[in-house]
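The structure's right below; bear with me while I get my questions together.
Letters are used for the chains, namely A, B, C, D and E, taken in the order the chains are written, and counting of residues starts over at 1 for each.
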Amino acid sequence: MQLARVVGTVVSTVKEARMHELKLQVVRLLDEQGRETGAYQVAVDAVGAGHGDVVLFAGGSSARQTERTDGKPTDATIMAIVDSWDVEGKVIWSASGDGGSS
Amino acid sequence: MQLARVVGTVVSTVKEARMHELKLQVVRLLDEQGRETGAYQVAVDAVGAGHGDVVLFAGGSSARQTERTDGKPTDATIMAIVDSWDVEGKVIWSASGDGGSS
Amino acid sequence: MQLARVVGTVVSTVKEARMHELKLQVVRLLDEQGRETGAYQVAVDAVGAGHGDVVLFAGGSSARQTERTDGKPTDATIMAIVDSWDVEGKVIWSASGDGGSS
Amino acid sequence: MQLARVVGTVVSTVKEARMHELKLQVVRLLDEQGRETGAYQVAVDAVGAGHGDVVLFAGGSSARQTERTDGKPTDATIMAIVDSWDVEGKVIWSASGDGGSS
Amino acid sequence: MQLARVVGTVVSTVKEARMHELKLQVVRLLDEQGRETGAYQVAVDAVGAGHGDVVLFAGGSSARQTERTDGKPTDATIMAIVDSWDVEGKVIWSASGDGGSS
């Protein structure tokens, strides 16, 4: 999985029937230190993530292994909201505002 | 999923039997700001997208999770036509002509 | 799918039993304008493509969704021979010799 | 599979139900000579790896082929702890401290 | 599939139970002309390849479509030993020593 930040939303009226009711979010990928890499994904939200949340998303067929996305044509799904992560004993980012590059 | 714009069509007479009746479209990948990245895909159209439409496509096995592509050898399928998307509260692109780099 | 040109053949005597009878072809990937990108794949031929043909190949699990490759350890399969493609209303390449960079 | 070193942990309270009880680890990818490449993954631990361990992880649907990850939305799973590896007859790295860039 | 050369071995005692009895080999990826690209994979050997052999490996779920790897968490499997390959009518590499960059 990759770390990412929710920064936007995609609106689509005409879509595959199985995609109805699913929220499409634009996420910016983060590197290990919490910096944006310049890459993005449009991901289905399976956990109720909101604007600004740091999340984990899974790609490929694993993106379909959630209750909301089973059998649906998504190749990127947000499956966790991140509280914090640490590297080499140091808190890199924390939702409560501790740590580095938030 | 990645954002892309439909720019062309591929014609093929000799193809795997399961691919018959499927429309093959050339799409140019877009970055988060709606700019072309230089990459492309040939994607099966599952939603009736037309020339110039901005779309979302799914890759890998997820490309087969639509009614039109189930069990077929496609690794890229257009599964949504995009009306608009926003990033950081700003409309980046809109089919109705609002927003940025359209 | 990506566009590619068939440029060679791989010979293998010792291989997984399920791979017997399958033809392994070297294909050079093409960009949207028909230029070689420098990347290649060794792909299983599911449609009878010959040397010099421009083809489409599918990757990942989709490479196994043809009659010849079902259940076989291929991650790249030629599933269509291309007659022509166009971008922005212009024929980029055509097997009959019309168009650009053939 | 790719070689990697376990360097951190991701904490998540709100996540897909199927992800509960799974440990999420930050791993830094290593090249063939044991040097960090700058890339990372957040991987599910299926083998009890600890901080500093050199491991192998599998990606894509193969990340779900372990007892702990079957049917779960992970696209990267640690499935082996590495004791040592050699290249061209030379030990590159060994958990016991022999060899190169450990 | 990609061409690669077997250059080493990975030793692991603690690993997912399904991985026991499988040989893990370090392979260096080759380009179309038989030159090393700098990339590597750790691949499961499904065909009895030895040090120095030029091989083909399959990635993703296709890596599990061999007798030895069915249902196992491998995302890279050697499924053929290469005797030779040619590009544009020229033998690029041959196990018998004919051709180019061997």
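Here, a residue touches a chain if its C-beta (ideal position, glycine included) is under 8 Å from a C-beta of that chain, and two chains touch if they have at least 3 such contacts.
Worth saying up front: this structure is predicted, and the values here are computed from it rather than measured.
> Just how far, in Å, is the C-alpha centre of chain E from the one of chain A?
34
> Cα centroid separation between chain A and chain D, in whole Å?
21
> Could you tell me which residues belong to chain C and also touch two or more other chains?
If we look for residues of chain C contacting two or more partner chains, we find 59-61, 63-64.
> Graph shape for the chains shown, where an edge means the two chains touch. Line, ring, star, complete, or other?
Contact map by chain: ring.
> Going round the ring from chain B toward chain C, what is the chain order?
If we begin at chain B and move next to chain C, the sequence is B, C, E, D, A.
> Where on chain D is chain A touching in the complex?
It is residues 7-19, 24, 26, 28, 40-43, 59-61, 63-64, 71-76 of chain D that touch chain A.
> Quick one: in the complex, what on chain E touches chain C?
Touch residues, chain E against chain C: 1-3, 31-32, 46-48, 56, 58-67, 77, 79-88, 92.
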